[in-house]
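Letters A, B, C and D name the chains as they come in the text, with residue numbers starting at 1 for each one.
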């Protein structure tokens, strides 16, 4: 009999083929966060049992763009950057579980397979997309991180643009927003391989950063547009009222989460 | 409380966002199959308990390229072909389970997210790759499906070429090969979200086509090369002896599988 | 001194690096053609001196999707299909030059660099795009080439969808349309490297197929939509009246063109 | 008659569709430069008449990776970053013309169409490639710009890796290298549309930055590998002896060049 190694598939005798390494996973990246209020009913309909809407500001949404370099503890992926660089855009709402407030990612697009695999593990509902963000730079026409600097951000999937934004930095800020500031409450769902048998995996898990460092957050003004698509529902989180926007450079470590409960979501 | 709809993530109130629809899934495609013998130990090391090597020809491998159009029962994806077309390349070996011979995919690369999601469901260990196959055509320089016609096939991942082949059709054949001809015995594995807790999902499942139609199989001669990569082990299934190659156009329906057993693989 | 070889850049001592080989160029492909009438003024504004609008039906436009495999006389590119396969979508109008009717491509998107290079040579104003077309297939859910069969076609550039169509085949046809049926009258323009010096290359050339073979043309009905974009003007050729649609499989050889005149376009 | 507007194709009545805007073009980016010596004969064979090898160190080569954001004078492309961001990798040698030393790009790969178009204008022999560079970052595992920091860089085209490097920063430097430090002497070549008629455009042009700003250059040590390919000759510039490596952040403006002479290259 053979021992299969590797944190993820494909498992092999050496473990070398695994699409993702064992945690901890290390990240360097830039986050552009746009917070706004939508109809709270549109948030509530994305919260399966036993999750409930957040008590305060239940219609708050954060749409976040991130430009990442990520790696294992060995950091070897950084030196073959096709294996470490990726971008993502994702929508976060808040919810309440056993009296505690959580963040929850309800839509997310990434541009690499290893990022999809980490999402399968962490309960992020990832699809492939095409994500772009202006990057700050110290020379030439690209913006510096300073008041008045302007950054663009766009998202497309299946050859349709889903979102675009322009943000203008105003001043440094004590906060990077409140919607994505809680531990994440995510479901890990997988249908049974047998037809009509419901879910084979139905876990509610909690997850968050094991460590975090960051530069100053910049408060910004945002001009955000969402576009409909036959296969996407990001635009269903329609923009009723802007809250704020932020730009921040961060370093993050992720090192596992906690199983909250299993088999209770009632999801179809 | 909200009912979450959608066969796969992201689940929503409408189900419209689901990355993949409910089965049955329908496929039209061209298959280029190259069978060869490797060291049987290299196959055995990819078979976790309780799988055992096939009794006959345990070192047989099939490396298969496929150019697909797939859709749900509604067939609507065919009319927005970015949502239906994808290509894949995959390595199949055989194994024995409870006295029956199964096929098993041990490495696979695809070029769309919906194909990755179906692999997560069906136990195919999918990564993203860049896959190309010559397509038969009735006019101009591209090959017809006829004796002497030559087809190329290539596979790359993470900007490295992993395999390339040229096959030459010889004559129609009663078989399309024997390595990928059995039901698939696949594992569906997902690590626990909690560090050090092993697998949260560890299922051995059986799966195969619910229905199948096909044109004539063509027997071919193949010239196949495999290339090493720091993160891939396809080339570890080194080519010791060619067996045969085949080209065939097929229509397939997939409609679920069977759970064989759970929690027994001992995989790390 | 060194002799530089290669039909195109980069020229080297061997010529092996040339992005495109010497003509003749051979093509196998499927063409989906949608003809409609737009405001003739929108066509006229795309015709520089000395071109004039076509005398009959001057507002006719053909929007064409093509799924190609192309190669040099050696046909070697067919066996490394990443070097031969590409797709394109392009808009064609007609014009008159010295009393003769020509076709003229006014917008075109392709998905490979060798196709861009051929366009630089042939006067096709190529950009990169993402192009998809349903492919006919003999098995499974994809359409056969038969009455009632439905094909989708889409075009995107810079992460925005620019056009999408669904066509339904009705019956075989004696024609594959009239808009793209003439020799092409194209300009080859390149600005002077010196600022403010106008054009360094300003040629009006004629080009067409050196040989052509094809299967039956299918007449079809089309449902076509065009979408605006900040950097594209395809939608400016607005759809006033549908004419017809066609589907045809073809083989084509291209082997050079003719210089009509030089330095006369008055283009800025 | 119609006035065609737009700096590049497709020219239209508005000029809005032009693949590239009028100069000046503004750039912000990071440059990773690796200089080494190859066989001087391999450089000489890439220098058409009337160019001659550089008098000193004629075998010197610079292989350069660049991660750019570029825009027109309006800077609007920066806010839709799919239109401004691109990466490139290119090989530069030196040559002598009328007693003056020039730099000359002999191979180059980029990942956007607007970058290809600018190369057609500036005489860079561009192909599409997949280019990756580690990016410096102030937080998390990605390297800071400091002694000991390590950066990876890779290049692939047509699904084959062509080059990869790891560089380690050592200290700030008064120079960013000498191979790419001269004005560029490039040819703008286009074959005649008529078969067998040689070149329709055969210009030797000079071009360089209209303005330049930069942060400190870092001297680095490099580990560079080149890989062969059937269609590329970068590896023909084989590495005989390392010279040095550099990392620098720059801002550049390009605003046209000078025609040196025309019709003299003797290129085929």
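Just so we're on the same page, contacts are C-beta pairs under 8 Å (C-beta built on N, C-alpha and C of every residue); 3 or more make two chains touch, one makes a residue touch a chain.
Model, not experiment: these values are computed from the prediction.
Any chain bridging subunit B and subunit D, meaning touching each of them, is among A, C; the list is complete. For subunit A, the chain whose average C-alpha position is most distant is C. Where subunit B touches subunit C, the two copies mostly use the same residue numbers: shared numbers make up over half of all numbers in play. Centre-to-centre spacing of subunit A and subunit C amounts to 40 Å, using the average Cα coordinate of each chain. For the pair subunit A and subunit D, the distance between C-alpha centroids works out to 35 Å.
Between subunit A and subunit B, the centres computed from C-alpha atoms are 29 Å apart. Residue positions of subunit A with contacts to 2 or more other chains are 80, 82, 130, 132, 154, 159. The touch graph of the protein chains shown is complete. Those residues of subunit B that touch subunit D in the shared complex are 130, 132, 154, 156, 159-161. Remark: subunit A residues 1-17, 19, 23, 44-50, 80, 82-83, 106-108, 112-113, 116, 120-123, 125-128, 158-159, 187-195, 200-201, 203, 205, 207, 230-233, 236, 255-259, 265-268 touch subunit B in the complex. Subunit A makes touch with subunit D in their complex at residues 26-29, 69-71, 75, 78-82, 84-85, 130, 132-135, 137-143, 150-154, 164, 166, 213-215, 249-253.
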